[in-house]
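Each of the next two complexes has subunit A plus one more chain, namely subunit B in the first and subunit C in the second.
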Partner chain A sequence: MRTKTPAQERRDKIVYGVLAVGIFVGFWYAVTKLTDFGQIFPDPITIIANIGDKFINPIGKATLTGHILVSLRRVMLAFTVAAASGIVIGVTMGWYPVVEAVFKPVIEFLRPIPPIAWIPISILWYGFTEMSKYFLIFLASFFVVAISVYSGVKSVDPMLIRAAKMLGAKDNQLFTSIIIPSTVPYIFSGLQVALGNSWASIVAAEMVQSNEGVGWIIITGQQSSNMIQIVTGIVCIAVVGMLLVMIMRGLENKLCAWNKQGR
Partner chain B sequence: MRMEQTGKIKNDFIVCSNVTEEFPITGGGSFKVAEDLEFTVRENEFLVLFGPGQCGKTSILNMIAGFDLPKKGTIVVDGRKVEAPGPERGMVFQTTCLFPWLTVMGNVEYGPKVRGVKKGERRKRAQHYIDLVGLQGFEKSFPVKLSGGMKQRVGIARAYCNEPVVMMMDEPFGHLDAQTRYLMQEDLTKIWQKEKRTIIFVTNNIEEALYLADRILVLTNCPTKVKAEYQIELPRPRDYTDPKFLKLRKEISEIVDHTL
Partner chain C sequence: MKKKRKNLWIVSTITIVAILVLWWLVTDKLGIFTSNTLPSPIKIVRTFIKKLSDPNPDGATLFKHLLSSLKIVLSGYLLGVVIGVPLGIIMAWYEKADLMVRPVFDMIRTVPGIAWVPVMVVFFGIGFTSKAVVIFIGAVVANVINAYSGIKQTKQVHLWVGGTFGASNWQLLTRIALPSAFPMIINGLRISLGGAWTTIVAAELLASNKGIGYMIQQARGILRPDIIIVGMVVIGAVGTLLMLPIELAEKKFMKGGKW
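On to the complex of A and B.
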């Protein structure tokens, strides 16, 4: 079999990706035009046109850009705090047995609770404030990051620790020069999942209580039976969510080049 | 760089006396790896520990390195009893154990770096050893991009760069293909001749042992003991097909335990 250069492989990936999206949109268009599904669901051209229009004309009090930025700002703020504290707790939990004994059961207990289950509490505690959204996003990302980082510290190759000791590393040097770098890939996989979770839960939070944001677009669409607006909101969520994950992956590829195979 | 020893060569540079080591077995009892093991290593000697697989050779290295402490007996290196791992005792691992997030340069200079050697000096020193093992041009490569033989060269440079008094090599060429293995043996001999160190090299390959060693200790199965000792006087570089080489090879092969 002929092997392909990385450039060719990348080009192939893009071609297949575009082709797949094209086929999906074409199928969507055909179904809405050729069957009764078109009665209850808008076709892709209407949606794309509407998205273009809403970048200029506002929905409610803001344009689409405004709504997306509001949601993004909420996610970024709370996610950053959650990621930072998750990394700190995860690392200390993996390194100090006492911290592990105290925090691990608590985190394992709270982790399976879906962020949506916290919405009533967030409203009762913080009302319809920004804080109630930060609270939810924090919960949606903190546990994922903490557990992922923790398991990263736990799975450091003991032979590498041995090699470092043999070369003269002291305990604190082991921590900074061996434990932290070998945990970096785990940190990134945690951050990636957590960012996805955060984005998904901000939408949920905005659907319950807000007057702007991407989630709000969908829920007001439902209230006014505006299917086009609902689908517009859904497409925005998908595209922004995808972009966030792509940015995260790009960052990972840059910082973890050593972890990637190939020349 | 450490200068060639001009003073007297110490004969009892490393002394293992009455070393007994055992590991607990799951389900109770214990497995004796070594019992009353005794041997000494001369300074700057290339000593090969040769024995059947699983005979406890790695355990002996781990004890000299200080990763494990013997149940009984003592190991003294250069006048100091071994109680913990230390940079004066370097190790080249069978599985290389390179730090994958560091470049070749980063790996080689790791030892001097954690011991506080200034950047300019440790870079110079690391470059010297990278050149010595023949990896110039690969300073910025990550281990994942290197072949097995090149990785092991980095392992050797990393151990050398810390300027240990003894280097232990735990079947470093065990995972390499035959051709690379011959080449590595040849190059290791050259490296060691250029910069003499005390080396304790573990292998289960008789040809490799004969090619490299000043002296070979043939070990028995567990609990391991020294079964025989061979001073190898053949001139270097050695020839695998030299009749004297072949005669020794046959002789040693015949006394090794082949049973488990």
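On to the complex of A and C.
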């Protein structure tokens, strides 16, 4: 059916991608210029100019870079702690039935509550401190990672375990050479989802209560009916979110190359 | 083996009871946490029962809040499904549409649903429409992406076989591609419903005058953590219940998770 070479296909993708985004932006420009929509919504050129401007001139008390770094610091600190503890809990839950029996009901009870629903109580407990944000991001990441790793350990091929045992592997050998390698893809898929969750949650948390960060940009934009600032914030959130996903995916490809080749 | 399972059940039960007792000890019994920070489990149950019929302090009973949230979620979500799934299928089936529409979708999907709230509030105010539109955007994106990847995962060999036996393009789509895409489409329905439920809570925290998210936000303002926790548990439970119809459909139409 297809006679295109991979290189051609990639070129097609880039050409059409640029074209599609170009048409989208052109359409956006035309609508704002030609209809009344332009009175409530800024055109793309204004937005790009504003983004450039805000890298130098501050919004509130920080420049765009400053706001992005504040949000990233909040996400990264809590995400790292949550990922580490999630992996540890997930692996032990998958391996020791007693640990599973202790943690599983608790996690299953708390997991359906969306992280965003924790915002009011986190503010009530920790006030407007950074801790309220860390707490939230921790919850947004921890359950996802723990459950993903747990199901990874659970789905290790029992044949491999039996084979290793038959060949005389000790428990810790079994662990390092079978359990961990087969769980790595699950760890990464958990981390991937958790990072996306965290980014969405920090935006929400900053919208509800904060005085800096990317969420703060859009909510103050709303309060002053400044659509340019809102859209600037949205573009930043999208770009940073996309970069986070790309970095995560790049890491996964580097570290799990063997997994891809094997399949 | 069987005996071991039973023992684990006991461990689970003991854990839960221990947590509840410890919780009760540090709150009601020893008073380490006052009811303004962490209410006791007994108080939470009482608040829950009271909130079923009492509109104070936030102006509506638990049911009314819940109903208001559900109405918004379901209207935005269903519209998103009705438009998103066919759009995803079309995008995957016609290559030209794919190359043109996909980059735009990849751009929009990176924006978390809640980030649209300020835009929509400026457009439509804080009522029903602004939130339904935010939910709709989230649902469309998730459903398009999943239906799209479902169709794309159709085994080329199956399509070739169909073509060899003289199936028309329409038959290839409905008899081969759609059934192979079904699990992914269901997955999209599930993910977008979870997303919709999260987004409505967020939207109501930010801009609303009723709804379950509004209720917990108000309770924070007047230092009533018992109402917040009741709200959180209800949010979790309703989120799980909403998934039930989808799980049932999946079990009914997909034998053993595969075709």
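By our rule, the second predicted complex is superposed on the first by the 238 of 263 C-alpha atoms of A that agree within 3 Å, B and C clash if a C-alpha of one lies under 4 Å from a C-alpha of the other, contacts with A are read in each partner's own complex, and residues count from 1 in each chain.
Here is the rule we use: a contact is a pair of C-beta atoms (placed from the backbone, for glycine too) under 8 Å apart; a residue touches a chain by one contact, two chains touch by 3 or more.
Owing to the predicted nature of the structure, the values given are computational and were not obtained by experimental measurement.
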Which of subunit B and subunit C A:193 touches, first, second, both or neither: neither
Per-residue contact with subunit A, leading partner among subunit C and subunit B: C
First, second, both or neither for A:177, with subunit B first and subunit C second: first
Which of subunit B and subunit C A:17 touches, first, second, both or neither: second
First, second, both or neither for A:77, with subunit B first and subunit C second: neither
Contacts of A:167 with subunit B and subunit C, given as first, second, both or neither: first
First (subunit B), second (subunit C), both or neither touched by A:159: first
Those residues of subunit A which subunit B touches in one complex and subunit C touches in the other: none
Residues of subunit A that touch subunit B when the two form their complex: 157, 159-160, 162-170, 173, 177-178, 181-182, 184, 256-261, 263
Sites on subunit C touched by subunit A in the complex: 4, 8-9, 11-12, 15-16, 19, 37, 99-104, 107, 110-119, 121-123, 156, 159-160, 194, 197-198, 201-202, 205-206, 213, 216-217, 219-220, 223, 225, 228-229, 231-233, 235-237, 239-240
Touch list for subunit A against partner subunit C, complex: 1, 12-13, 16-17, 19-21, 23-24, 40, 97-98, 100-102, 104-106, 109-121, 123-125, 199-200, 203-204, 207-208, 215, 218-219, 221-222, 225, 227, 230-231, 233-234, 237-239, 241-242, 245
Interface residues, subunit B side, partner subunit A - complex: 65, 67, 85-87, 89-91, 93, 95, 97-102, 110-111, 114-115, 142-145, 158, 162
